[in-house]
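A, B, C and D are the chain letters, set down in written order, and residue numbers restart from 1 in every chain.
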(Lines give C-alpha, C1' and ligand atoms only; values in the text may rest on other atoms or scores of the structure.)
Protein backbone atom coordinates (compact mmCIF):
# COMPACT_ATOMS: atom_id res chain seq x y z
CA UNK A 1 0.00 0.00 0.00
CA UNK A 2 2.90 2.29 -0.68
CA UNK A 3 4.15 4.63 2.01
CA UNK A 4 5.37 3.08 5.26
CA UNK A 5 4.53 4.40 8.71
CA UNK A 6 8.19 5.35 9.17
CA UNK A 7 8.06 7.39 5.95
CA UNK A 8 4.75 8.99 6.92
CA UNK A 9 6.08 9.93 10.35
CA UNK A 10 9.23 11.35 8.77
CA UNK A 11 7.08 13.50 6.48
CA UNK A 12 5.04 14.73 9.44
CA UNK A 13 8.11 15.50 11.55
CA UNK A 14 9.68 17.47 8.68
CA UNK A 15 6.44 19.39 8.21
CA UNK A 16 6.22 20.10 11.96
CA UNK A 17 9.79 21.37 11.96
CA UNK A 18 9.14 23.64 9.01
CA UNK A 19 6.00 24.94 10.73
CA UNK A 20 7.97 25.75 13.86
CA UNK A 21 10.63 27.57 11.84
CA UNK A 22 7.93 29.68 10.22
CA UNK A 23 6.00 30.02 13.50
CA UNK A 24 2.87 28.44 12.08
CA UNK A 25 0.21 26.24 13.72
CA UNK A 26 -0.61 23.39 11.40
CA UNK A 27 -2.66 20.24 10.89
CA UNK A 28 -0.75 17.64 8.86
CA UNK A 29 -2.18 14.46 7.35
CA UNK A 30 -0.58 11.67 5.32
CA UNK A 31 -2.54 9.09 3.30
CA UNK A 32 -1.25 5.93 1.65
CA UNK A 33 -1.46 4.70 -1.94
CA UNK A 34 -5.13 3.78 -1.42
CA UNK A 35 -5.93 7.29 -0.11
CA UNK A 36 -6.48 5.86 3.39
CA UNK A 37 -5.21 7.81 6.43
CA UNK A 38 -1.74 6.71 7.53
CA UNK A 39 -0.60 9.38 10.00
CA UNK A 40 -1.77 12.72 11.39
CA UNK A 41 -0.62 15.45 13.76
CA UNK A 42 -2.13 18.72 14.97
CA UNK A 43 -0.04 21.40 16.61
CA UNK A 44 -1.18 23.33 19.67
CA UNK A 45 -3.87 25.92 18.88
CA UNK A 46 -4.03 24.92 15.22
CA UNK A 47 -7.45 25.58 13.63
CA UNK A 48 -9.94 22.84 14.46
CA UNK A 49 -11.60 23.28 11.08
CA UNK A 50 -8.32 22.39 9.43
CA UNK A 51 -8.32 18.81 10.70
CA UNK A 52 -10.81 17.81 8.03
CA UNK A 53 -9.22 20.08 5.43
CA UNK A 54 -5.74 18.62 5.93
CA UNK A 55 -7.12 15.09 5.54
CA UNK A 56 -9.17 16.09 2.48
CA UNK A 57 -6.15 17.81 0.91
CA UNK A 58 -4.07 14.66 1.29
CA UNK A 59 -6.86 12.52 -0.17
CA UNK A 60 -7.47 14.94 -3.03
CA UNK A 61 -3.75 14.98 -3.95
CA UNK A 62 -3.75 11.17 -4.14
CA UNK A 63 -7.17 10.93 -5.78
CA UNK A 64 -5.87 12.85 -8.79
CA UNK A 65 -2.08 12.47 -8.40
CA UNK A 66 -1.49 16.21 -8.54
CA UNK A 67 -1.05 19.19 -6.22
CA UNK A 68 -4.44 20.27 -4.89
CA UNK A 69 -3.89 23.78 -6.17
CA UNK A 70 -3.65 22.48 -9.74
CA UNK A 71 -7.13 21.03 -9.40
CA UNK A 72 -8.39 24.38 -8.17
CA UNK A 73 -7.17 26.14 -11.30
CA UNK A 74 -9.49 23.92 -13.34
CA UNK A 75 -12.47 24.06 -10.99
CA UNK A 76 -13.13 27.80 -11.14
CA UNK A 77 -16.38 29.13 -12.64
CA UNK A 78 -16.16 28.58 -16.37
CA UNK A 79 -13.32 26.08 -15.95
CA UNK A 80 -13.43 22.49 -17.16
CA UNK A 81 -13.80 20.94 -13.67
CA UNK A 82 -16.18 23.49 -12.14
CA UNK A 83 -17.69 22.19 -8.88
CA UNK A 84 -15.63 18.99 -8.80
CA UNK A 85 -15.33 19.69 -5.06
CA UNK A 86 -18.78 18.18 -4.37
CA UNK A 87 -17.53 14.71 -5.35
CA UNK A 88 -15.86 12.11 -3.14
CA UNK A 89 -17.51 13.38 0.02
CA UNK A 90 -15.78 16.72 -0.44
CA UNK A 91 -12.52 17.64 -2.14
CA UNK A 92 -10.22 20.54 -1.28
CA UNK A 93 -8.91 22.25 -4.39
CA UNK A 94 -6.67 25.00 -3.00
CA UNK A 95 -2.96 24.54 -2.27
CA UNK A 96 -1.58 22.47 0.61
CA UNK A 97 -1.95 18.92 -0.71
CA UNK A 98 0.86 17.18 -2.59
CA UNK A 99 1.53 13.64 -3.83
CA UNK A 100 4.44 11.84 -2.18
CA UNK A 101 6.80 9.90 -4.45
CA UNK A 102 9.43 7.34 -3.62
CA UNK A 103 12.99 7.54 -4.98
CA UNK A 104 11.88 5.92 -8.25
CA UNK A 105 9.18 8.54 -8.84
CA UNK A 106 6.27 6.23 -8.04
CA UNK A 107 3.42 7.89 -6.11
CA UNK A 108 3.13 6.09 -2.76
CA UNK A 109 0.80 8.45 -0.91
CA UNK A 110 0.11 12.13 -0.30
CA UNK A 111 0.37 14.85 2.34
CA UNK A 112 -2.14 17.53 3.24
CA UNK A 113 -1.42 20.61 5.36
CA UNK A 114 -3.91 23.17 6.63
CA UNK A 115 -3.70 25.92 9.21
CA UNK A 116 -2.44 29.13 7.62
CA UNK A 117 -2.31 30.87 4.23
CA UNK A 118 -2.41 28.49 1.28
CA UNK A 119 1.13 29.57 0.41
CA UNK A 120 2.36 28.55 3.85
CA UNK A 121 0.28 25.36 3.76
CA UNK A 122 1.99 24.48 0.46
CA UNK A 123 5.46 25.30 1.78
CA UNK A 124 4.99 23.07 4.81
CA UNK A 125 3.57 20.25 2.66
CA UNK A 126 6.60 20.51 0.39
CA UNK A 127 8.89 20.04 3.39
CA UNK A 128 7.02 16.85 4.18
CA UNK A 129 7.31 15.57 0.62
CA UNK A 130 11.06 16.15 0.59
CA UNK A 131 11.55 14.07 3.73
CA UNK A 132 10.47 10.94 1.84
CA UNK A 133 13.01 9.76 -0.69
CA UNK B 1 -35.43 -0.69 -15.96
CA UNK B 2 -34.14 -0.19 -19.43
CA UNK B 3 -30.56 -1.10 -20.21
CA UNK B 4 -29.61 -4.75 -19.86
CA UNK B 5 -26.43 -5.99 -18.25
CA UNK B 6 -25.27 -7.20 -21.66
CA UNK B 7 -25.77 -3.71 -23.08
CA UNK B 8 -24.07 -2.08 -20.12
CA UNK B 9 -21.10 -4.42 -20.41
CA UNK B 10 -20.91 -3.75 -24.16
CA UNK B 11 -20.82 -0.01 -23.45
CA UNK B 12 -18.05 -0.48 -20.89
CA UNK B 13 -16.01 -2.71 -23.19
CA UNK B 14 -16.29 -0.19 -26.03
CA UNK B 15 -15.25 2.59 -23.67
CA UNK B 16 -12.31 0.53 -22.41
CA UNK B 17 -11.21 -0.16 -25.99
CA UNK B 18 -11.41 3.53 -26.88
CA UNK B 19 -9.41 4.36 -23.74
CA UNK B 20 -6.71 1.90 -24.72
CA UNK B 21 -6.55 3.32 -28.26
CA UNK B 22 -6.08 6.81 -26.80
CA UNK B 23 -3.75 5.52 -24.05
CA UNK B 24 -5.98 6.80 -21.27
CA UNK B 25 -6.67 5.41 -17.79
CA UNK B 26 -10.37 5.62 -17.12
CA UNK B 27 -13.17 4.89 -14.67
CA UNK B 28 -16.38 3.95 -16.48
CA UNK B 29 -19.85 3.67 -14.93
CA UNK B 30 -23.23 2.75 -16.40
CA UNK B 31 -26.56 3.38 -14.68
CA UNK B 32 -29.97 2.11 -15.67
CA UNK B 33 -33.26 3.88 -16.34
CA UNK B 34 -33.71 4.35 -12.59
CA UNK B 35 -30.27 5.99 -12.29
CA UNK B 36 -29.05 3.00 -10.26
CA UNK B 37 -25.57 1.56 -10.88
CA UNK B 38 -25.61 -1.25 -13.43
CA UNK B 39 -21.93 -1.83 -14.29
CA UNK B 40 -18.56 -0.32 -13.52
CA UNK B 41 -14.90 -0.80 -14.42
CA UNK B 42 -11.68 0.95 -13.38
CA UNK B 43 -8.51 0.60 -15.42
CA UNK B 44 -5.09 0.10 -13.81
CA UNK B 45 -3.72 3.29 -12.25
CA UNK B 46 -6.84 5.30 -13.10
CA UNK B 47 -7.44 8.16 -10.64
CA UNK B 48 -9.08 6.96 -7.44
CA UNK B 49 -11.03 10.20 -7.17
CA UNK B 50 -12.66 9.44 -10.49
CA UNK B 51 -14.56 6.40 -9.21
CA UNK B 52 -17.12 8.63 -7.56
CA UNK B 53 -17.02 11.17 -10.41
CA UNK B 54 -17.71 8.55 -13.10
CA UNK B 55 -20.69 7.24 -11.14
CA UNK B 56 -21.98 10.77 -10.45
CA UNK B 57 -21.60 11.71 -14.14
CA UNK B 58 -23.68 8.72 -15.19
CA UNK B 59 -26.33 9.52 -12.58
CA UNK B 60 -26.37 13.20 -13.50
CA UNK B 61 -26.83 12.41 -17.21
CA UNK B 62 -29.83 10.23 -16.42
CA UNK B 63 -31.23 12.52 -13.70
CA UNK B 64 -31.69 15.25 -16.29
CA UNK B 65 -31.57 13.28 -19.57
CA UNK B 66 -28.83 15.42 -21.03
CA UNK B 67 -25.04 15.45 -21.41
CA UNK B 68 -23.47 16.51 -18.11
CA UNK B 69 -21.63 19.33 -19.81
CA UNK B 70 -24.95 20.90 -20.83
CA UNK B 71 -25.96 21.12 -17.19
CA UNK B 72 -22.69 22.85 -16.39
CA UNK B 73 -23.47 25.64 -18.82
CA UNK B 74 -26.53 26.52 -16.74
CA UNK B 75 -24.93 26.10 -13.32
CA UNK B 76 -22.30 28.83 -13.57
CA UNK B 77 -22.43 31.87 -11.28
CA UNK B 78 -25.36 34.01 -12.44
CA UNK B 79 -26.83 31.09 -14.39
CA UNK B 80 -30.33 29.70 -13.93
CA UNK B 81 -29.18 26.50 -12.19
CA UNK B 82 -26.41 27.98 -10.08
CA UNK B 83 -25.16 25.48 -7.47
CA UNK B 84 -27.39 22.64 -8.63
CA UNK B 85 -24.35 20.42 -7.98
CA UNK B 86 -25.05 20.27 -4.26
CA UNK B 87 -28.35 18.45 -4.85
CA UNK B 88 -28.81 14.69 -5.07
CA UNK B 89 -25.80 13.96 -2.91
CA UNK B 90 -23.57 15.68 -5.44
CA UNK B 91 -23.89 16.16 -9.20
CA UNK B 92 -21.08 16.48 -11.73
CA UNK B 93 -21.80 19.14 -14.32
CA UNK B 94 -18.76 18.97 -16.58
CA UNK B 95 -18.47 16.70 -19.65
CA UNK B 96 -18.11 12.94 -19.52
CA UNK B 97 -21.66 11.83 -18.76
CA UNK B 98 -24.12 10.96 -21.55
CA UNK B 99 -27.59 9.41 -21.73
CA UNK B 100 -27.78 6.03 -23.46
CA UNK B 101 -30.63 5.48 -25.91
CA UNK B 102 -31.98 2.32 -27.46
CA UNK B 103 -32.58 1.96 -31.21
CA UNK B 104 -35.96 3.71 -30.88
CA UNK B 105 -34.42 6.75 -29.21
CA UNK B 106 -35.78 5.96 -25.76
CA UNK B 107 -33.37 6.76 -22.92
CA UNK B 108 -32.58 3.49 -21.14
CA UNK B 109 -29.66 4.57 -18.96
CA UNK B 110 -26.49 6.64 -18.97
CA UNK B 111 -22.71 6.35 -18.98
CA UNK B 112 -20.16 8.35 -17.01
CA UNK B 113 -16.43 8.45 -17.72
CA UNK B 114 -13.71 10.11 -15.62
CA UNK B 115 -9.95 9.92 -15.63
CA UNK B 116 -8.51 12.46 -18.05
CA UNK B 117 -9.39 15.80 -19.66
CA UNK B 118 -13.12 16.44 -19.95
CA UNK B 119 -12.75 16.26 -23.74
CA UNK B 120 -11.24 12.79 -23.52
CA UNK B 121 -13.78 11.75 -20.89
CA UNK B 122 -16.53 12.81 -23.30
CA UNK B 123 -14.94 11.01 -26.27
CA UNK B 124 -14.71 7.76 -24.33
CA UNK B 125 -18.28 8.11 -23.04
CA UNK B 126 -19.45 8.61 -26.63
CA UNK B 127 -17.79 5.35 -27.64
CA UNK B 128 -19.78 3.63 -24.92
CA UNK B 129 -23.05 5.19 -26.05
CA UNK B 130 -22.50 4.07 -29.62
CA UNK B 131 -22.02 0.46 -28.57
CA UNK B 132 -25.66 0.31 -27.44
CA UNK B 133 -28.11 0.31 -30.31
CA UNK C 1 -3.11 -1.63 -5.89
CA UNK C 2 -3.45 -5.35 -6.10
CA UNK C 3 -6.18 -6.87 -8.27
CA UNK C 4 -6.13 -6.05 -11.96
CA UNK C 5 -9.20 -5.14 -13.99
CA UNK C 6 -8.84 -8.40 -15.92
CA UNK C 7 -8.87 -10.34 -12.64
CA UNK C 8 -11.82 -8.35 -11.32
CA UNK C 9 -13.78 -8.92 -14.51
CA UNK C 10 -12.96 -12.63 -14.40
CA UNK C 11 -14.29 -12.77 -10.84
CA UNK C 12 -17.47 -11.01 -11.86
CA UNK C 13 -18.00 -13.24 -14.91
CA UNK C 14 -17.54 -16.38 -12.80
CA UNK C 15 -19.99 -15.04 -10.24
CA UNK C 16 -22.50 -14.18 -12.97
CA UNK C 17 -22.20 -17.68 -14.43
CA UNK C 18 -22.74 -19.27 -11.02
CA UNK C 19 -25.78 -17.02 -10.48
CA UNK C 20 -27.25 -18.11 -13.79
CA UNK C 21 -26.69 -21.78 -12.96
CA UNK C 22 -28.51 -21.28 -9.66
CA UNK C 23 -31.14 -19.03 -11.27
CA UNK C 24 -30.34 -16.10 -9.01
CA UNK C 25 -30.42 -12.35 -9.64
CA UNK C 26 -27.32 -10.79 -8.14
CA UNK C 27 -25.36 -7.60 -7.63
CA UNK C 28 -21.60 -8.25 -7.68
CA UNK C 29 -18.88 -5.81 -6.63
CA UNK C 30 -15.10 -6.10 -6.58
CA UNK C 31 -12.78 -3.72 -4.69
CA UNK C 32 -9.00 -3.47 -4.88
CA UNK C 33 -6.31 -3.65 -2.20
CA UNK C 34 -7.20 -0.12 -1.06
CA UNK C 35 -10.91 -1.04 -0.73
CA UNK C 36 -11.75 1.15 -3.71
CA UNK C 37 -14.32 -0.05 -6.28
CA UNK C 38 -12.73 -1.84 -9.22
CA UNK C 39 -15.66 -3.50 -11.05
CA UNK C 40 -19.40 -4.01 -10.63
CA UNK C 41 -22.30 -5.73 -12.38
CA UNK C 42 -26.02 -5.98 -11.66
CA UNK C 43 -28.17 -8.65 -13.27
CA UNK C 44 -31.63 -7.94 -14.64
CA UNK C 45 -34.24 -7.49 -11.90
CA UNK C 46 -31.70 -7.87 -9.11
CA UNK C 47 -32.68 -6.01 -5.92
CA UNK C 48 -31.86 -2.32 -6.15
CA UNK C 49 -31.13 -2.21 -2.42
CA UNK C 50 -28.41 -4.76 -2.98
CA UNK C 51 -26.23 -2.43 -5.04
CA UNK C 52 -25.03 -0.69 -1.91
CA UNK C 53 -24.93 -3.93 0.07
CA UNK C 54 -22.75 -5.70 -2.50
CA UNK C 55 -20.29 -2.80 -2.49
CA UNK C 56 -20.29 -2.60 1.31
CA UNK C 57 -19.76 -6.38 1.57
CA UNK C 58 -16.71 -6.16 -0.69
CA UNK C 59 -15.34 -3.22 1.29
CA UNK C 60 -16.02 -4.90 4.63
CA UNK C 61 -14.23 -8.09 3.54
CA UNK C 62 -11.15 -6.06 2.60
CA UNK C 63 -11.41 -3.70 5.57
CA UNK C 64 -10.91 -6.64 7.94
CA UNK C 65 -9.42 -9.29 5.62
CA UNK C 66 -12.05 -11.88 6.51
CA UNK C 67 -15.39 -13.19 5.25
CA UNK C 68 -18.15 -10.74 6.16
CA UNK C 69 -20.07 -13.48 7.94
CA UNK C 70 -17.18 -13.97 10.36
CA UNK C 71 -17.47 -10.36 11.41
CA UNK C 72 -21.19 -10.85 12.00
CA UNK C 73 -20.54 -13.68 14.44
CA UNK C 74 -18.64 -11.23 16.64
CA UNK C 75 -21.02 -8.29 16.25
CA UNK C 76 -24.12 -9.87 17.79
CA UNK C 77 -25.61 -8.48 21.01
CA UNK C 78 -23.21 -9.41 23.80
CA UNK C 79 -20.44 -10.16 21.30
CA UNK C 80 -17.06 -8.44 21.32
CA UNK C 81 -17.74 -6.29 18.23
CA UNK C 82 -21.38 -5.40 18.90
CA UNK C 83 -22.54 -2.56 16.62
CA UNK C 84 -19.32 -2.39 14.60
CA UNK C 85 -21.63 -1.93 11.60
CA UNK C 86 -22.05 1.79 12.32
CA UNK C 87 -18.39 2.44 11.50
CA UNK C 88 -16.85 3.21 8.12
CA UNK C 89 -20.03 4.71 6.75
CA UNK C 90 -21.79 1.38 7.20
CA UNK C 91 -20.46 -2.17 7.21
CA UNK C 92 -22.28 -5.32 6.20
CA UNK C 93 -21.58 -8.20 8.58
CA UNK C 94 -23.59 -11.06 7.10
CA UNK C 95 -22.26 -13.50 4.51
CA UNK C 96 -21.58 -12.61 0.87
CA UNK C 97 -18.27 -10.74 1.11
CA UNK C 98 -14.92 -12.52 0.75
CA UNK C 99 -11.28 -11.45 0.41
CA UNK C 100 -9.63 -12.28 -2.91
CA UNK C 101 -6.11 -13.71 -2.80
CA UNK C 102 -3.55 -14.14 -5.52
CA UNK C 103 -1.71 -17.41 -6.13
CA UNK C 104 0.78 -16.59 -3.36
CA UNK C 105 -1.98 -16.09 -0.79
CA UNK C 106 -1.64 -12.30 -0.64
CA UNK C 107 -4.95 -10.44 -0.32
CA UNK C 108 -5.31 -8.25 -3.42
CA UNK C 109 -8.95 -7.18 -3.10
CA UNK C 110 -12.38 -8.50 -2.20
CA UNK C 111 -15.74 -9.45 -3.71
CA UNK C 112 -19.21 -8.71 -2.41
CA UNK C 113 -22.43 -10.36 -3.62
CA UNK C 114 -25.99 -9.45 -2.67
CA UNK C 115 -29.37 -10.39 -4.09
CA UNK C 116 -30.61 -13.60 -2.51
CA UNK C 117 -30.22 -15.64 0.70
CA UNK C 118 -26.93 -15.09 2.48
CA UNK C 119 -26.03 -18.70 1.73
CA UNK C 120 -26.50 -18.12 -1.99
CA UNK C 121 -24.72 -14.77 -1.80
CA UNK C 122 -21.76 -16.56 -0.21
CA UNK C 123 -21.78 -19.36 -2.80
CA UNK C 124 -21.71 -16.89 -5.67
CA UNK C 125 -18.96 -14.84 -4.02
CA UNK C 126 -16.90 -18.00 -3.61
CA UNK C 127 -17.20 -18.68 -7.34
CA UNK C 128 -15.78 -15.23 -7.96
CA UNK C 129 -12.89 -15.78 -5.57
CA UNK C 130 -11.96 -19.03 -7.25
CA UNK C 131 -11.71 -17.38 -10.64
CA UNK C 132 -8.71 -15.35 -9.47
CA UNK C 133 -5.57 -17.39 -9.03
CA UNK D 1 -7.58 21.95 24.68
CA UNK D 2 -5.76 19.65 27.08
CA UNK D 3 -3.36 17.13 25.63
CA UNK D 4 -0.31 18.51 23.84
CA UNK D 5 1.01 17.14 20.56
CA UNK D 6 4.10 15.93 22.41
CA UNK D 7 1.90 13.99 24.84
CA UNK D 8 -0.25 12.60 22.03
CA UNK D 9 2.82 11.47 20.11
CA UNK D 10 4.24 9.89 23.27
CA UNK D 11 0.99 7.97 23.71
CA UNK D 12 1.10 6.79 20.11
CA UNK D 13 4.75 5.75 20.33
CA UNK D 14 4.08 3.77 23.51
CA UNK D 15 1.12 2.11 21.86
CA UNK D 16 3.18 1.30 18.77
CA UNK D 17 5.92 -0.22 20.94
CA UNK D 18 3.42 -2.34 22.84
CA UNK D 19 1.90 -3.46 19.52
CA UNK D 20 5.32 -4.52 18.25
CA UNK D 21 6.04 -6.44 21.46
CA UNK D 22 2.75 -8.29 21.05
CA UNK D 23 3.23 -8.63 17.26
CA UNK D 24 0.01 -6.79 16.46
CA UNK D 25 -0.89 -4.50 13.56
CA UNK D 26 -2.75 -1.51 14.94
CA UNK D 27 -4.44 1.77 14.12
CA UNK D 28 -3.98 4.29 16.93
CA UNK D 29 -5.80 7.61 17.32
CA UNK D 30 -5.58 10.34 19.95
CA UNK D 31 -8.18 13.10 20.39
CA UNK D 32 -7.92 16.18 22.55
CA UNK D 33 -10.18 17.62 25.27
CA UNK D 34 -12.62 18.77 22.55
CA UNK D 35 -12.77 15.25 21.05
CA UNK D 36 -11.00 16.52 17.93
CA UNK D 37 -8.28 14.42 16.27
CA UNK D 38 -4.82 15.27 17.59
CA UNK D 39 -2.59 12.46 16.28
CA UNK D 40 -2.91 9.19 14.39
CA UNK D 41 -0.73 6.33 13.16
CA UNK D 42 -1.46 3.14 11.20
CA UNK D 43 1.03 0.28 11.17
CA UNK D 44 1.87 -1.66 8.00
CA UNK D 45 -0.91 -4.05 6.96
CA UNK D 46 -3.21 -2.94 9.78
CA UNK D 47 -6.90 -3.36 8.92
CA UNK D 48 -8.16 -0.49 6.76
CA UNK D 49 -11.56 -0.66 8.45
CA UNK D 50 -9.90 0.07 11.77
CA UNK D 51 -8.86 3.60 10.80
CA UNK D 52 -12.37 4.84 11.38
CA UNK D 53 -12.91 2.56 14.37
CA UNK D 54 -9.76 3.76 16.16
CA UNK D 55 -10.81 7.38 15.68
CA UNK D 56 -14.38 6.63 16.77
CA UNK D 57 -13.14 4.77 19.87
CA UNK D 58 -11.04 7.75 20.91
CA UNK D 59 -13.94 10.13 20.34
CA UNK D 60 -16.39 7.87 22.17
CA UNK D 61 -14.08 7.60 25.20
CA UNK D 62 -13.85 11.40 25.44
CA UNK D 63 -17.52 12.01 24.57
CA UNK D 64 -18.54 10.11 27.70
CA UNK D 65 -15.30 10.17 29.74
CA UNK D 66 -15.25 6.42 30.18
CA UNK D 67 -13.70 3.33 28.60
CA UNK D 68 -15.60 2.46 25.43
CA UNK D 69 -16.28 -1.04 26.71
CA UNK D 70 -18.22 0.42 29.66
CA UNK D 71 -20.57 2.13 27.25
CA UNK D 72 -21.13 -1.17 25.45
CA UNK D 73 -22.38 -2.80 28.64
CA UNK D 74 -25.23 -0.27 28.72
CA UNK D 75 -26.04 -0.33 25.01
CA UNK D 76 -27.08 -3.96 24.68
CA UNK D 77 -30.66 -4.87 23.74
CA UNK D 78 -32.83 -4.06 26.76
CA UNK D 79 -30.09 -1.88 28.26
CA UNK D 80 -30.52 1.76 29.24
CA UNK D 81 -28.46 3.12 26.33
CA UNK D 82 -29.66 0.74 23.63
CA UNK D 83 -28.55 1.90 20.17
CA UNK D 84 -26.56 4.87 21.41
CA UNK D 85 -24.05 3.88 18.72
CA UNK D 86 -26.05 5.59 15.99
CA UNK D 87 -25.55 9.02 17.60
CA UNK D 88 -22.66 11.39 16.94
CA UNK D 89 -22.05 10.07 13.44
CA UNK D 90 -21.32 6.63 14.88
CA UNK D 91 -19.94 5.54 18.26
CA UNK D 92 -17.89 2.44 19.02
CA UNK D 93 -18.95 0.78 22.27
CA UNK D 94 -16.55 -2.15 22.53
CA UNK D 95 -13.14 -2.02 24.24
CA UNK D 96 -10.12 -0.18 22.87
CA UNK D 97 -10.96 3.44 23.71
CA UNK D 98 -9.78 5.05 26.97
CA UNK D 99 -9.74 8.57 28.40
CA UNK D 100 -6.30 10.09 28.94
CA UNK D 101 -5.68 11.94 32.22
CA UNK D 102 -2.92 14.28 33.25
CA UNK D 103 -0.97 13.89 36.52
CA UNK D 104 -3.74 15.67 38.42
CA UNK D 105 -6.40 13.27 37.17
CA UNK D 106 -8.02 15.74 34.79
CA UNK D 107 -9.17 14.21 31.50
CA UNK D 108 -7.23 15.91 28.71
CA UNK D 109 -8.09 13.66 25.78
CA UNK D 110 -8.55 10.02 24.80
CA UNK D 111 -6.92 7.21 22.85
CA UNK D 112 -8.54 4.68 20.54
CA UNK D 113 -6.90 1.51 19.26
CA UNK D 114 -8.25 -0.93 16.66
CA UNK D 115 -6.71 -3.81 14.73
CA UNK D 116 -6.97 -7.02 16.71
CA UNK D 117 -9.11 -8.63 19.46
CA UNK D 118 -10.81 -6.16 21.74
CA UNK D 119 -8.65 -7.42 24.60
CA UNK D 120 -5.48 -6.61 22.66
CA UNK D 121 -6.93 -3.30 21.48
CA UNK D 122 -7.55 -2.42 25.15
CA UNK D 123 -4.07 -3.52 26.25
CA UNK D 124 -2.41 -1.36 23.62
CA UNK D 125 -4.64 1.62 24.46
CA UNK D 126 -3.69 1.23 28.13
CA UNK D 127 -0.01 1.44 27.18
CA UNK D 128 -0.76 4.73 25.44
CA UNK D 129 -2.62 6.11 28.45
CA UNK D 130 0.25 5.27 30.78
CA UNK D 131 2.73 7.18 28.63
CA UNK D 132 0.96 10.44 29.51
CA UNK D 133 1.50 11.52 33.09
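Note that in this section a contact is a pair of C-beta atoms (placed from the backbone, for glycine too) under 8 Å apart; a residue touches a chain by one contact, two chains touch by 3 or more.
Composition by chain, UniProt nomenclature: A, B, C, D = Heme-binding protein.
This is a predicted model, so every value here is computed, not measured.
In terms of the stated touch criterion, the partners common to subunit B and subunit C are A, listed by label. Mostly differing positions are employed by subunit C and subunit D in their mutual contact, as under half of the interface residue numbers are shared between these two copies. If you compare A-D with A-C, the chain pair joined by more contacting C-beta pairs is A-D. If you average the Cα atoms of subunit B and of subunit D, the two centres end up 42 Å apart.
Rounded to a whole number, the gap between the C-alpha centres of subunit C and subunit D is 29 angstrom.
Separation between the centroids of subunit A and subunit D, computed from CA atoms only, is 25 Å. If you average the CA atoms of subunit A and of subunit C, the two centres end up 32 Å from each other.
Counting partner chains per residue, subunit D shows two or more touched chains at residues 48. Here the chains touching each other pair up as A-B, A-C, A-D, B-C, C-D. Chain contact summary for the complex, subunit C toward subunit B: residues 1, 4-5, 8-9, 16, 32, 34, 36-45, 48, 51. By the touch criterion given at the top, residues 1, 32-36 of subunit C touch subunit A in their complex. Interface of subunit D with subunit C (complex): residues 47-50, 52-53, 56, 72, 75-77, 85-86, 90-95, 117-118. Residues 34-35, 59-60, 62-65, 77-78, 80-84, 86-89, 91 of subunit C are the ones touching subunit D in the complex.
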